[in-house]
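Two complexes come next, and they have one chain in common, chain A, joined by chain B in the first and chain C in the second.
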Partner chain A sequence: MPVKTIVRKGVYFDSISLMRIAEKINSISGVSDSAVIMATKENKNIISSSGLLTEEIKKASDNDLAIAVKADDEKTAASALAEAEKMLAGKKEAASSNLTAQSISQAAESYEGLNLALISVNGKYAADLAFEALEKNMNVMIFSDNVPLEKELALKKLGARKNLLVMGPDCGTCIINGAPLGFANKVNSGNVAVVGPSGTGIQEFSCLLSNLGGGISQAIGTGTRDVKDDIGAITTVQALEMLVSDAKTSVIAIISKPPQKKSMARILSAANKTGKPVVALFLGEEKELTAGNIHQAKNLYEAALKSYCLSKGESFNFVREKIYNDKISLSERIKSEKAKKNKDSKYLRGLFSGGTFASQAIRLLEPVIGGVYSNIPSSEKFKLKNSMKLEKHSIIDLGEDEFTFGRPHPMIDYSLRKKMISSEASKKEVSVMLIDIVLGYGSNMSPLADLKETLEKAVKANPALTVIAAVTGTDMDPQNRRYLIEELEKIGVMALDNNYMAAFAAGEIIRDK
Partner chain B sequence: MKNGFKIISFSRDIRPGVYFLHSSFSKAENYFRGRNIVSLVLPGVSDGPGNIVVSRLSGAKEIKISNGCIYLDGRPHKLSDKSYDPAVNFLLKIEGEKFDESRRNLLKYAPPLSMAFIFDGRREAFFSAPFLKNMLSAMKNGINLLKKGKISRGAAALSGLGHGLTPSGDDFLAGLILGLKISGRNKKAERVFTGCKTENLISIKGLKSSRKGFCTAKFKSFLFALKLGKPHLKKFKDAVEFGSTSGSDFMAGFLFSSCLY
Partner chain C sequence: MKNKLFESRLKVVNAGLEAFAEALESNSVFTVRAIFSPPICGDSWQWSLINSKIGEINRANQKAAERVLAAQPFLTSMGKAIDMVPGMRKNLILHAGPPVTWDRMCGPMKGAVIGALIYEKMAETPAEAEKLAAGGRIKFEPCHDHCCVGPMAGIISASMPVFAVKNKKFGNWSYATMNEGLGKVLRYGAYSKDVIERLKWMENVLYPVLHRAIKALGEIDLKAMTAQALHMGDEVHNRNRAGTSLLYRTLAPAIIKTSNPAEACDCLEFINRNDHFYLNLSMAMSKASLDPAAGVKNSSLVYIMARNGTDFGIKVSALGSKWFTGPALIPDALFFAGYSKKDAAPDIGDSAITETNGLGGFAIAAAPAIVQFVGGSAGDSFNYTKKMYSITCAENNVYKIPAMDFKGTPTGIDLIKVAKTGIMPFIDTGVAHKDPGVGQVGAGVVAAPKEPFQEAFKAFVNLLKR
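Let's turn to the complex of A and B:
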């Protein structure tokens, strides 16, 4: 007998409604059995033992509604399912806030006023969808990576002609008019806009600013290749031009790795023309760039502090005072961590999920502890031969392609990092382990539950080890920054809400060993 | 926000923080934060653990509770001065006439496919379709394990089982935990709780509340009536009047706790 099923994701109905629908379906001539029920594991067992299980239902989760019909023939089963759908659609009690459409064109036709499309599909299809969205006069955020460079350029040129932003490809983070997109945090609204290719950098910046009491007007991700001369910073420049007329924005921050030469010139020129104060962080840029309305920052914390000062009319003296005071407040803790070290414990191991965090930590630590081996080193001589085999001082970015191929991003899936934490913690020579934990939408929703046991074991396995966790997030994030920090401290982890201070603490603990 | 929105009362167990829309119904909106749920409910629904009673539903996508205010999509509303203490602060043994009368009422008023069948085998006939028969068989298996003293396994077998927003098995187990808790059998209540494997956030809210000895104002009123030995049909009906089958499943579990000595 044929079995037909439908799964409706994330919809909820009361039990009486579902029972009535099942009763109605069972009364249809030719239907021998049916189930209209939430797809919990236990219910799926019953569905299975009733001979109603399909691959579709197997994949459904506790929060999905499963409808299964067994009938004498395909046609009867299909019409029974259609009847069930009709009854569900008529239920006012249904709760589903998600509007759906089969394509970008259909969405544009069905829902008036759409002006932004977020595209997260396999990279080879992303460009075509982005062209379709631009044709429908929508701005585009392309979360996908592996979009060919020439297509990115064509998309960005088309977007610029139509005065539409193409954020991406490989754009992980945006906050547009208060709506977080991709990996983003729940931050205060405010008058600072941030632009740049660095997703985790934008997350850290916006969280630090929000936690200081400032707020974000717009966060515009540009995609990692935007600052290469092949693209010519088209999106960055366009975003800066748009922010000129954004009434909510009075300060602009640019967070980026150093752009290539022509792109840098275009960005600085556009930044200058905004007429608004601009804080520029080009992580690793040695040249002095402060001039006119452009205020250079050397790290993410300084960028956030300077933006905060500009947005609140405070003097930059606050930046120095705040960093000084933060360092002083860590001094006792650093002293006690240093005291527990033995002769063997001397090396740093950094296991990061955010590339910008790994990169910033390397740049901050190298002047203090010497060369740091990495898969994204500051110079080729410190390139790790095998990214899984860490040596001496090492910091790796687990978000690099070599680690993420075929598995979720390490901000979501901690499994590889947990393995590495366990193996590195057992080595006597490891003195400090530095990790990042990124909170917010899109990230792992239960970081504590997922990491706690591993970290507890790491601390127990090596009593001389200091584990430092830099938490990027706010108290408004679903995972709650404050709660996580408090709980991590309870298990002996030094938990800080700031990548810069975490790197500082790591350096001070290891210094002079 | 429509005019006339007012917060009438709120439960004292609600934790501050930002909560996001989980699901909405004609009388309630549920918001989640991690594994915690807060519900905005209309006055007819009852004060209860995690409930904020409001004059009308908000339609908000997220709510923030902080410093005596609730922010609905960023708009602040002062929390009411009236708060509800969800804790049941007395012990109660359900036996004798108290049990019999409640059981009779349950069998009279429970919907056909609720777990009230555990008190009258004739109700099993309602589970007529093959799928429902298999469901009944799985529920009976869970009940038998509980009766044999295999508490955790029984709870695991029932957890997540059944129809509705909160599966019947989860509601039953929440009622069972409350029954065990308020009759002083905390260890057994804990064994039931640890056996529950449900991932349904609203079920988890109910189970956690029962574990703390919390219940709705209407259920508490029913418990008072039981304690005082007064006739309690009206209070019984009020107590089971939540969800569709949830109230009856919860009551079935609550009464079943008296079978687990």
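Let's turn to the complex of A and C:
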């Protein structure tokens, strides 16, 4: 198969833009593989195994852009390269019609009142840009990951000293004054603020709340490491303190994995001091934490429901009723899915793009169906030896580093997941396939078009199979939740707008068949 | 101070993913896209060292830039190189750019050396001249190391007449030859009989005429003239039509007063027919303005950029007289009919001293007539100039751009800012044919190569460590 290459010297594009281009190119029929990379040593290593590391690219250096396409024939490869060039050129055009600056400092000098820097460059450079922004008295959201821990600590200490928020590094989602930052959904505004290190957790929480009729005042991502004692929850505590005087916020939710000990103490004390009702979800935390103004929740749905009740002045009875009614409304559907099963239908396969969803599903399902194998298992006993080879009940998080290195995040690029859906669906032992689809800004903009064929084939290939899709999103999102759910239902997929209920349905269908 | 984020209108600067900026814009959020490119050199400890001393560096750069801005360059007299230029001697040939040996010289520079040796009557034929040049008896040194500047090949030999420019603020001098015009000329490596004859005429007729006129005038304020030329559509590197006209207007009465009518007429007509006559003066003026910025402790201001058609070299204030070099690149150009990029010599000439002084490519927004070189629209030229503010220390107090509301041009290239942003100084330039004797084949633009800045960055960090 011919491989064609272009190297452009001395240009720079951020990796995610390049991955989006690679994704487009890979979708051209006749193209079997491609790489669109800055020719750093690391990137060259990544593509060497795929046979795309041509002599030309070997010679290219850090500041060079390299494009390689492997295709059925020369002509396809050439036209794919032309397409790549077109997309690269397109980027420039788009930029020229907008407000631009040569650097963060220059932006601050040229435009008055900039109050937030959103940084998503390569992690190697992100911290320096964040320092630059803090220097100019801006709050910072750092979407980038791979920022050294000591830099994160220094940034957060400086931020705390200057009374500026440092959201991140590795902060996927924020909503500030109604504006979606990073991977975020378009939700109702309201009086609930949410704080925490989990981006997808915040997305699901804010969508559930919005779909219930509640709304968000602020969503403040803190970065995944904030609740480790190395950092000591600096951002979480700072955000809680800021929310005390935010008149728009009357209820606060904290969505997190269990914080380390000292961080937990700091968070609880700060939450207590807010004087506002706080819903606390520390996913997997066993200890009882409800006390005073703090109301513990055990899963994302419960957290959203409790926040909703507090924000509307309703009693928590509503929480139990709502969950009960939701389950009842699914019972017919569950019954009919169970009826499809045969003696071979046994196992669950969960293919998730959101880590928080995978881990919530494992926690919800294990008491119902027993141990679930995973690359992020509840105990070492259930650790998958090979994350690509699923066995028995398995749920994997495709957003883990092992899958995303050199590849776009599975919320954007479905290609790996589509391959796995096809191969898993054809196995007789698979009874339920559980996937998440995350909508909103930053995510895949055409999830239906991208997934439809794969899902249709999966349903046809295995008539006993139940495919459950948990959709995180709202009807205001550019991808539109309702339309997606209706279309998925048309092709025989059980589509729900709630990860908790999706896991519940999966568990019911599998157990005691 | 209290954080007022939640009470304020959100205004975002986005660095990185375009999709995030688009999402914000589609939600009507005020969004500025900061262009990001990674640093061209330096590891994290080097950058921490720089960052820890950035206050001192910035103060030093301010001091160096103020010297540049305070310059008062005047054209005061003329003379033969041998009599005027410090260190000039009979067997010395000065050339553009950083030091280069005969065997590494590009075609146009070799051609110009051959021409100069014939002009000096040290050789009769090109073959003889080549042998002499290669033999080691003739020494080659950069113009810049002798207070001189020369366009393209930049060749100056002992008996060539030079303009003398004095920076009255600091008392330093600079020198440059008279511009020969376009077409087949020595600076593009041509050495045919007519080229040598023209040089002889310039020595025997033009030089005495101009010399007398300048004496009669006393002095000519080149800074004021350049500032006016900028208001008239020049950037005084690739376009010198306004500067030449202003100079002509100043010189004409004095020439007529001090020379016989036939010679006066010939000389005025020679200047009139050469739109680039002012270039050598804009260069000498820039050189005289920048030299006092050398040697400021901790200053990362670049006070020389120059090319010899093989290497591109820079000098940095705190790093004194040391050259830092890297390969010269081939300009992106519009070519005269019949020529293409494959005919072009790599970037050549001391004329990048104009950019170093906040003129030329840095002031391209002042020259709408030549925006074809940078994409064709006035907006393109604004963008080029605007970009240079990110890598400079100051806005010029005298050179201003009418179309940008008389904003001062970006002046005083900062090595650290270049290294950090990866934005390379932008030069607009003529392009020489790679073979000697052919002449100019086009004009266009070129970004300075990274290597000289990377080398200088290393040396600068080592200096800070001490």
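We adopt the following convention: the second predicted complex is superposed on the first by the 415 of 513 C-alpha atoms of A that agree within 3 Å, B and C clash if a C-alpha of one lies under 4 Å from a C-alpha of the other, contacts with A are read in each partner's own complex, and residues count from 1 in each chain.
Definition applied: contacts are C-beta pairs under 8 Å (C-beta built on N, C-alpha and C of every residue); 3 or more make two chains touch, one makes a residue touch a chain.
Not measured: the values here are computed from a predicted model.
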* Can A:139 be said to touch chain B (first), chain C (second), both, or neither? -> second
* Would you sort A:121 into first (chain B), second (chain C), both or neither based on which partner it touches? => second
* To do: Check whether chain B or chain C contacts more residues of chain A in the superposed model.
  => C
* To do: Would you check which partner chain A:41 touches, where first means chain B only, second means chain C only, and both and neither mean what they say?
  => first
* Asked: If you stack the two complexes on chain A, which partner ends up touching A:52: first (chain B), second (chain C), both, or neither?
  -> first
* To do: Based on the superposed arrangement, let me know which partner A:12 touches: chain B (first), chain C (second), both, or neither?
  => both
* Asked: When the two structures are overlaid on chain A, which partner does A:469 contact: first (chain B), second (chain C), both, or neither?
  -> neither
* Asked: Taking the superposition as given, does A:63 touch the first partner, chain B, the second, chain C, both, or neither?
  -> both
* To do: Please indicate which partner A:26 is in contact with in the superposed arrangement: first for chain B, second for chain C, both, or neither.
  => first
* **Common interface residues of chain A - those touching chain B in one complex and chain C in the other** => 12, 14, 16-17, 62-63, 95, 186
* **Residues of chain B touching chain A in the complex** => 17-18, 20-21, 23-26, 33-34, 61, 64, 111, 113, 129-132, 134-135, 138, 157-165, 167-169, 197-200, 243-246
* Enumerate the contact residues on chain C facing chain A in the complex. => 1-6, 8-21, 23-25, 27, 29-40, 47, 51, 379, 383, 386-387, 389-390, 421-423, 447, 450
* Mind pulling up the chain A residues that touch chain B in the complex? -> 12-19, 22, 26, 32-35, 37-38, 40-43, 45-47, 49-50, 52, 61-63, 92-93, 95, 97, 186, 445-446, 475-480
* Asked: Mind pulling up the chain A residues that touch chain C in the complex?
  -> 10, 12, 14, 16-17, 20, 62-63, 91, 94-96, 98-104, 106-108, 110-111, 113-122, 124-125, 128-129, 131, 133, 138-139, 143-144, 162-165, 176-182, 184, 186, 217-218, 242, 246, 248, 441-442
